[in-house]
C-alpha cells in the first residue's frame, strides 16, 4: 500500500482540515469535531437543515456536497466506519435553524444505530428530527433475512433533490414525504475491477485476478453477486442495465436521471466510454435520459470500477430539483 | 491491464461521444472529428475564441473546460499523442467569431508543430491566430539543450484566466499580452506513486517499487528527477515546495493561487491531506494562498500521484479572473 | 460488589483484552464484515482507560464515563451497541445495584437499538445465554465460551455480515468475541457468577 | 523516373516496412520517448495505402494525397514532420521533377517546422547525410544505415527524447529508423542513387 498521508490514524482529521483550509468559502470545521458545516450561514436561515454522514473514504461524498441548495452539515466517521452519536448530535444542533433537521442515512446498521442515538438526544433538546434510510444498491437481496439493501451512489441524487426542496423552503414534513416518494425510484448497481485498500488495514478488501471483474460489489469492498472474466464496456453496461431493468421494467417514454459514478481509481475517460454505452442502450429501450452526470461522486477510496444509478423521474418536479441551482465544492449549477 | 473500454483503438472516439452524449448542454462534437465545441454558441458572439488540445488521457482536461468563461473548443488527439493539424484547423474555424482565435498549447514538440501547421492553414483563411506555449513544469531543466519545460496542470489556471478575459471582451492582442504576463508566474511540480498504462500499450510507462515515489514525473510517464523511498505527505509537500521556492523565492506577503491536482488514481482524501500540508507550510513561509483548488484537473490516465501548481498573483486582476464566473463540465463558478 | 473499583477493574481487564486482540478482532471482522471491529474497539479502549484515570464518584457516573468514552470514540455498529448498553447501565444503576438486573436492561436496550434478537449471529448471542445464566447464578468461563462458539454455525441476518449471507456460516462473529472478553472479565472480578 | 507509379511503389514499400516494424518502432520510442512512434506511423501507413488505391492523376497530386493522409492520421511530432515534408514535395514537384531538389526542400521545411538541425538525434540526422549523398549521386544502403546508426551516440536535444537527456545516448532515434525505411525504399525504386 502506498498512500499520500502522514499517519493512517489521523488521515480523516487531516482530510477534514484540508477541506476546510482549501474551501473556506464552502465549509468550516466544527470545533474539534469531525463535522463540516456550511460556511454561508445566511443561506440556511429559516430553512430545514439537511445533514448526512457515515464512514469517510467516499470523497467527494459527502462533505463535497455541503452548500447552498444541498447539505447543511456532514459528519465524518473514520474510514468506512459510522460516526459517533455525539458528533452527529453536534451536526444536528448546528443545522437546526428552527425548522428542524432532516437526516439522510445510508443503510448500514452502524449508521442507523448511531444516527438513531443522536436523534434521541436531539429530541431531548426539542429539535424536530426526521430521516430517510437510503438503500439504492440493488445488488443485495432485499429480504427480512438481511440488513436490507445498502446505500450507495444514488444517495447523491437524493441529497440533490432534497437540498433543492429545503432551499426552496419546504417544511420538514414535506421533505420527509418527498424523500419517501423518491426512494423507491432510485436504484444503483456497481461493478468492481479492484478493491479499496483501507489505510489502517494496508491491503485490499479482496483481490480480483488481472482478467476478472465482480458485479454488485458495495462501496466498502462488500462482496458482489458474481465474479467473471472482464468484459468490454458495452457488455458491462448490458449486465448492469439488465439488473436495473429487472427492477424498473423499462418502458418506452420512461424518463430517467442517469448517474455514472467512478469508484476512485477509474479514469474519467473510461467512465465516459461506459456512459456512452449506457446511453446508447437506454435509447434502444426507448427510455429518455433527461439528466446525465459522469464522474467521481461517491467513491470507495482507490477502488477501480463504476456504478450506474437510475432515478425514474415520476414527477416533473424532481428533474427541476436536480437542475436547481447548487453551490458546493463538488457540484455547482447555476 | 484492466480498463473499461471496448476497443483500445476506439477509446478516444468513444470517450468524445460519451462526453457529448452526457453533457449536451456544454459540448457538442464537430462532425466526425475528434473536436468538441461549446454548445452555447451565443456566449461566443463577438469574443475571441479560445482553443486548446493535445493528446487525451488527461480528463477532465481539456474538453471538461469548454463553456462560458473558459474554452471555445478542444481538439482531442489520440492518447498522449498530439492531434493532427486538420482537426486543429477545424477547431480554429469553429472558434473564430470574427475576433480571432487564441491557442493554448502545452509544450510538447508534436503539439507545437501540429498547432503551428494548423495556424499556417488558418492564416490562409484570413483568421487571426495567436498562441501561448505553456511550460509550467519545473521538473525539467530549462535550457537550450532540451525542448524546454513541459506543459502540465498549470495550463488549467492559464485557461481559466484567459477564458475570463475573453468572456469579458478582451481583444486577441490583449489576451496574448495577458498570457505572456501570466506564464512566467506559473509553476508546477509533481510526484508519482505509480505510472499510467496507455490502453494500446497495455503496461505501465514505468514501474515503482511498493515503497518508492518519483519526483518530477510528467503527465505522460516521462521520467522525473529523483526516485526515493515513499515519504509522509508532509515530506512530499516539503520537497515540492522546496523546488517551487527555488523558482519563486517565497517572500512573506506574496500572494499565490494554489492547485493540488490528482493524477487520476489518487483518491481525493489523499489530495486533501496533501493540500493541508501544503497550506500549512506555505503559511510558515508567510505566503498568502488567495485561491485554492483540490481535485483531478489534469490527470494522466490511471497514474497515482499529485502535482502542485503555484501561480504568483502579481496582478489583482488575475485573482478576479480566477474567480470569474465559469460554466463548464468540470469547473463551475457562479 | 458493584463499586467504582470493581467496575474499573472489569473495564481495565476488558480494554487489555481488546487491545491485545485488536488484530484478531479485525481479522474476524474482515471475513464476514469490514475488518474494523478491533480498531473500533481499540479506540474505545483507550478512551475508557483515559476516562477512568480520574476516578468517578459513584457507580452510575462510572458507567456514564465508560458509556461516553464508547459513544464518542468507537463509532460503527459496535459503538452504538456497547454505548447503548453502558448508557442503560448508567440509568439502571441509579435504581439498583443488582448487576444481573442491570445487565438484563442493557441487553434489552441493545436489542432495541439493533432491531435484532438472539440467533442473528451478533454479540446478542453471547449476551442472551450469559445473562440467562447470571440470573440462575451459574455463569462460568465455559458458558461464555460456548456462547461465543455458538455464533460460528449461525447465518448472519443483521449487520454487515448479513451481506455475505450463507458465507458467514463457519466463522465466529467478531462482536460475539469482544462480548466474550467483556463477560470473562466481569466473571473474573466476581460481578457475575 | 518520378511518376505516379514510382511514388506509389516507394510509398507501398515504406508502409509495408512501417507496419512490419510497428512494434519495434514503439519499443525504440518507449526507451527515449513515449512509445507510440510505430502506432502513429502505422495509422498513417493505412491511410497512405488507402489514398493511393485511387491513383492520383499526376506527381504533385500523388504527393499531396500522401501528405494529407499523414497530416490527418499520424499526429504527434512525426505526423507534423513527415506531413510537412510531403506537403513541401507537393509544392516543389509542381516546379521540378528533380527528386534531389524536392528532397532538399522537404528537409529544409522539416528543419523549420521542428526548429531543429542535424545533430539533435532526430530523423534529420538521416535526412541530412542522405540528401547530401543524393546530391553527389552516391546514396547506398550503407550510407542510409550509417546515418541511422549515427543517432545512437547522440544526445537528444529536441522532441520528447530531450527530457531523458544523457540517458538518450546509446539508443537509436525512432524517427531516424523510420526515415531509414523511407530512404531504403526510395533507393530501391531507383529515385535516388
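Note that the chains are named A, B, C and D in the order they appear, and that numbering of residues resets to 1 at the start of each chain.
As a convention for this text, a contact is a pair of C-beta atoms (placed from the backbone, for glycine too) under 8 Å apart; a residue touches a chain by one contact, two chains touch by 3 or more.
According to UniProt, the chain labels map to these proteins: A, B = Dihydroxyacetone kinase subunit DhaK; C, D = phosphoenolpyruvate--glycerone phosphotransferase.
Predicted, not measured: the structure shown is a model, and the values here were computed from it.
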Sort the other chains by how far their Cα centres are from that of subunit A and give me the top one.
D
In whole angstrom, what separates the CA-based centres of subunit B and subunit D?
31
Calculate how many whole Å lie between the centre of subunit A and the centre of subunit B, each centre taken as the average of the chain's C-alpha atoms.
29
Measuring from the mean C-alpha position of subunit A to the mean C-alpha position of subunit D, what distance in angstrom results?
54
Between subunit C and subunit D, tell me the centre distance in angstrom, where each centre is the average of that chain's C-alpha atoms.
77
Pull out every residue in subunit C that's touching 2 or more other chains.
none
Which residues of subunit B are in contact with two or more other chains?
none
Please list, in label order, each pair of chains that touches.
A-B, A-C, B-D
Show which residues of subunit D lie in contact with subunit B when the two form their complex.
26, 30, 34-36, 39-40, 68, 71-81, 83-84, 113-114, 155, 157-160, 162-165, 167
Write out the stretch or stretches of subunit A touching subunit C in their complex.
77-78, 80-87, 108-110, 113-114, 116-117, 140-141, 144-147, 150, 198, 200-201, 205, 218, 220-223
Going by the contact rule set out above, which residues of subunit B touch subunit A in the complex?
1-7, 11, 14-15, 17-19, 21-23, 56-57, 59-60, 64, 193-194, 210-211, 213, 230, 232-234, 236, 260, 264-277, 279-280, 292-294, 296, 299, 301-302, 304, 306, 325, 327, 332-334
